[in-house]
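Across the two complexes that follow, chain A remains constant while its partner is chain B and subsequently chain C.
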Partner chain A sequence: MSRVLVIGNGAAGAFSAWLLAKGGWEVTLVGRGTSSTALSTGCLRSAPKLCRDEILEFLGNDDLPWATDGREGISRIGTSYRCWMSPSHSTWNDGGAPKSVAVAGIGEHPSLPVRTTAAMLNRRGIKAIPFIMPVQVPPEAPLSSRFRDEEAWEVMAAELEQLSAEAILLPAMVSLRDYCRLDQLERRCGREILEAVTPLGAPGLRLADLMLSKAKEAGVTVWDGRKVIDLDVSNGAVREAKVLGGSEVRLVALDALVVATGGPLVDGLNIDGRELTDPFGRFQVTGHEDALRGGYDNRNGRLVSSDGQVIVNAVGAGDCLSSKGREYGHGLNQALESAYRAVQTLEGS
Partner chain B sequence: MNEDRCVKCGSCLRACPVLNDPSGGLFPGPRTIGVDAPRFLEKRNVGQNALRCTMCHACEWACPSGITLTRSMLKLRSDASAERLPGHRRMMEYISDFGRTVSTEFQGWREEGHRTLYFPGCIGLGRLTGLTSAVSSLLTSIGIPHDISREALCCGSPLLKIGEAEMAEDLRKRNLEVFSRYDRVITSCPGCTYQLREFYGIEAEHAIEVLKGSELRSKLGGRWALQIPCHLKRGLSPWTAEDLAAVLEGAGVNVVRTSGEDACCGGGGGLLSGFPETSGSLARGKVEMYRRAGVDGVITACPFCSLNLGREGIMVLDIGEALALKR
Partner chain C sequence: MRKDVLIIGGGATGAGIARDLALRGVECLLLEMGDYCNGASGGNHGLLHSGGRYAVKDPPSASECAVENEFLKQVAPFCIENTGGLFISLPGDDAEFPDAFARSCRSAGVPVHELTSKEALASEPGLNPDLERCFMVNDGSIDPFSLVQANVDDARAAGASVLNHCSVAGMTVEGGRVVRVEVRDRRGVLQDTIAPEVVVNAAGAWVSVVARMAGRHIPMGLDQGSMLVLDGRQCAHVIDRLRPPSNGDIAVPNHTSTILGTTSRPARSPEDASVSREDIDLLLRETSAMLPRLRRGRVIRTYGGVRPLLGGGGREASRSFAIFSDEGAENLLSVAGGKLTTYRLMAEKVSDRVCDMLGNGSKCLTHREPLGPPASGSGGTIPLARLVRKYGRLASSIDTTDGRVMCSCEQVLRSEVAMVLKAGDALTLADVMRRTRAGMGYCQGFDCSLSVLEIMMGTEDGDPLPHLDEFLREREHGLAHASGDQLRQELLRRHVLRGVYGLEGKE
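For the complex of A and B:
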């Protein structure tokens, strides 16, 4: 079986690892730290053009039902959020906006500023009333910490039952495993339960957890907390990687490599002044004047060595590749489609 | 240090086992203690609540900017001159009087001039002497004759965790004299191993690193989950997590991997002695998770994990107790 190493634990890394494992490769994924995927809103803004079926299969999960096609939801500050795919409780079908919404915050927790959000919705013609549940959660603590047992959810349901709105907007708080709680709450209250669409919170973390667990289910070995510190490139191919964990380095022989390290975050591309550079010192990088476009050069997906030679068995995926420009809000789509192309390139070789 | 890299994404807050526990409300959180307090004077006055951290390194692992949060938090503890919590005071008194954090019950000292020292640590010599005897027998059986010296004292890690840097330094000096008589130091407590490597500068080895590669067997039937100790995986080396599973599977144990296996049990960072109710609550959360996974028990490689989870009524074994030499 051919061995492939995927560097990066975000959407591009996890999706390419999953595709390769399903294609019969022996896949190891190395990555550390929270990925940009985990900081996202956990929704896809637009329909994928390239590999829709594969993405739907990859994201399919019993714990997290998805809704697709022309969806609209409410952000945590009451603005409209449009997307193509979201968890079922985050959005409604275009045209299906609720007539009235109770905006239910948890105590003084900053996750959902109920008065601002309600005022924003009223301005948009959605009748909204602010409501604060009498549960105090410290501002830095994740809300889920106070909703860990049946009793807490029961108390919440009893509070929400008092409200007269058609739908109830809650702050985003449930983990992947607890997503079913929102269905239970909906059945119990007899009202539509909506989750505010929120970046830097539970939805992104849920998505990242889901992607990595799907990769593991497909047979991918995930080495978390570790970092590739060197790559052996000889005769136009990558042969071996040095992986550092703690103070110990282990060598991994490989037949192919997927670099999916994202933009210039801690283990992604280096920033040298205003220029981008390759942390492995092996590949050619376009340090574009506009850093948002810079990244690894590639020839049909294959990475290029510092001396201009195409590396036959190394491909890039996602945000680490140089691009013509990134469209605001579409990073996840681009990462997934780019991962698909990277895998096609490897499998075609 | 590198706190200025913070992008305020909140990943550390979502990763923190204490903040995510219903009993953790008084902990100001890793961002306040590890990022804001070192930079802003007005955020520095967090008092004893700064000690409500288990030093599990989960925030540091989650940080997308690579901020060394644990180091920042530890430094703040050394700088703070807070009044001691009763549990921490008791621990300091024990160390002043007897050189260890708890009373020593272990009787099986071996001072035979071997080149290897087995350093069980205070919990192994006080509370879990069975664990210590098991690891010692296992080491002997795989051909590593060793001393267990009564002169070796607390490694000082618990003192550093409560900000007692001077007392910790005194212990370090006394221990280094003992260690100088040996070529090799083996521990069964990841907290001690981490302390010896990071603050003594000696290449101490944890038992799992020694056992890896030996022909071992286990008499254990049933399904066993892992409790992967924080200071083993995130402190010493992430490879040890795979090694732990591989060693046990190689010995014939039916190991069930669970997604929360490497989450903190609540036993570290001085929490067990300082805030036992929070420690207990974290352990109960983990035990619930293990129960849902339908396992017969949990295997770990840390005396604090053994102690803290064991109190919540689940069968917990150390690798030393789970394994024997294959004959």
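For the complex of A and C:
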């Protein structure tokens, strides 16, 4: 069985690892920490143009019911975004916005600034009433841990039951395995429950969890909290990776490599002045003048070594690749489709 | 509203005039079209000049600075850091200049003493060890926002009316006098026209624009200067290059940052303050010749200001000031030129003229009446000194027992925001952020701005979007040339604002 190493545990890394494992590869995925998917809204903003079936299968999960087609979500400051597919409580049907919404937050906790959000909804013609729940959470504490506490949840639910608006907008706070509690809450209150999206909040973290668990189910070996510190490239191919975890360094022999380390937004690529550089010191990077478009140079996804030679068994996936246009908000779509292309390139070789 | 004197422009000069006149018992009204320090008063490097910079080429300005420097340290110690300044020369610099500098300082009354390079390096270890000559002067850093706010507050306490976000739209001249002034007040407090006895045009870079409303011509040179904000205090003193004034000569430690300045190019208009990438490279290259560690510093943002200079412009133009009036509009006084350090003197001279015109014999008090408390003290659970530096007298009304922090970069307390909102001058989110320094750190406010906005929304039924747009646009200006880690931070900021929140921004 051919051994492939995938570097990066975001959407592009997890999806390519999953695809490769299903294709019969022996896959190891190395991730350094929280995946950058956690920065996203946890939704697919547009319908996949490529490999739609694979993406739907990859994201399918019993814990997280998805809704598709023309959805509209609300950010934590009351702006809206459109998407094609989202967890059912993240969005409402496009055009099906409720006439009135209770915006229920926790004091001045930044997860949902209720007065700002209500004012933003009001200016869009949705009657919004700010409501502050009688639960204290320090601003720096994540809500998910607080509301795992049954008593806090019950206090919240009892308050929300009293509200009269058509829908209730809550801060996003439930993790993947607690998602069903939003359904229970919706039934109990008899009105639509919607969660407001915040970066590095529950929706992105949930999705990152889901993608990693899918990769593991497919047989991928996941090494968390580890870092690839060196790659051995010789005769136009990558042969070996040096992986650091804690104080231990492991040498991993490999037949193929997927680099899915994310772009300059996270630290997948180094930024020196205004120039992007390769943290491995092995690959060619282009687009120096515009960090937003720059990334690894590639020939149909195959990476190029610093001396200009195409590396036959190394592909890039996702945001670390140079791009003609990175579109804000569409990173997940781009990551998944690019991972699919990367895997096709590897399997074609 | 019936007021004897209308002052146009809420920079240091205008605010200083309002305070000076109010202390002399003159009824006055000050209007500022944006927020205080909208122009050059906010767009400078925050240097309290010793006079050394002008000693060789412009001795009268140097003397003025030397005198005013001492006055300001007496009356406004809270907004000044008495850092001292070091003028240093490096190999290759004009060898004749240092002695000329010392001579000129002495004859202009600018206190100066020479340090050996060993002494210089002992007091400022980050200096380039190859330095050749070094002179210590009385430079310091000053917070212009805090200074101007204190002038405004004190003017009000003495009976003046001061309105920001209120602009002058036109003037009617009849019989050689300005008889009516049209105003546009965002708050709706003022009627559409007012008829003051005397109009003072202290509009800084806009002084010609305002004079033109009365059909007058003021010959002004507009000159743009660029500055960089570097994270952290990179030096203990103001560091200045010992050579004829040129680009990239100065590093000023101020609050939690260091400001590098400046450049000089003709500006097409008062708004033409944009900073070019070449300016940034030049400033870093030149200042790091004096302090090598600046090379490795993180540039948080860049900003520009437009200097209103007398006559022509550029480095050769005088930093002195002049008061213009003529029989075409005999009750209009326009004040032009000058600099932040001499704002009090300019205000005194203008106020003297105004008092002459009104037949008021009172004398100026601003050289001895304190503007705020001394810069020290501690109280509650939060060190008061930091709050006094930002807010002067108002610091005592901040609840320091409430430890909730709104902006973690600048450690801004929730109670600071509450105090600023209560004071009533901050109409927009950008106003609040400017007064509290929230959003001036690494993240440039992309997170704390939302928390501050939420508090504002609690006190008024506003539309949050224009507040956010204005603030984010202003920050974006300063980030156009972000590099290194700050560029990564900026990519994150844009990803969140546009990708997650769906806020529009210009690409």
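Simple rule for what comes next: the second predicted complex is superposed on the first by the 342 of 349 C-alpha atoms of A that agree within 3 Å, B and C clash if a C-alpha of one lies under 4 Å from a C-alpha of the other, contacts with A are read in each partner's own complex, and residues count from 1 in each chain.
Heads up, the rule we're going with is that contacts are C-beta pairs under 8 Å (C-beta built on N, C-alpha and C of every residue); 3 or more make two chains touch, one makes a residue touch a chain.
Because the structure is predicted, anything quoted here is derived from the model rather than measured.
In the superposition on chain A, A:39 contacts both chain B and chain C. Applying the stated contact rule after C-alpha superposition, one finds that A:265 touches each of chain B and chain C.
Applying the stated contact rule after C-alpha superposition, one finds that A:108 touches chain C and leaves chain B untouched. In the superposition on chain A, A:75 makes contact with chain C only, not with chain B.
In the superposition on chain A, contact of A:146 is made with chain B only, not with chain C. In the overlay built on the shared chain, the residue A:93 is in contact with neither chain B nor chain C.
Contacts of A:300 after superposition: neither chain B nor chain C is touched. Residues 39, 265, 267 of chain A are contacted both by chain B in one complex and by chain C in the other. Listing the residues of chain A that touch chain B in their complex gives 32-36, 38-39, 137-138, 140-142, 144-146, 148, 200-202, 205, 213, 223-226, 245-248, 250, 265-267.
Those residues of chain C that touch chain A in the shared complex are 404, 414, 447, 450-451, 453-455, 457-458, 461-465, 468, 481, 483-485, 487-488, 491-492, 494-496, 498-503.
Interface residues of chain B facing chain A in the complex, by the touch rule stated above, are 9-11, 13-15, 19-22, 24-26, 28-29, 31-32, 61-66, 197, 233-240, 242, 259, 285. Considering their complex, residues 39-41, 75-81, 108, 110, 113-116, 119-120, 123, 139, 197-199, 263-265, 267, 271-274, 291-292, 328-331 of chain A touch chain C.
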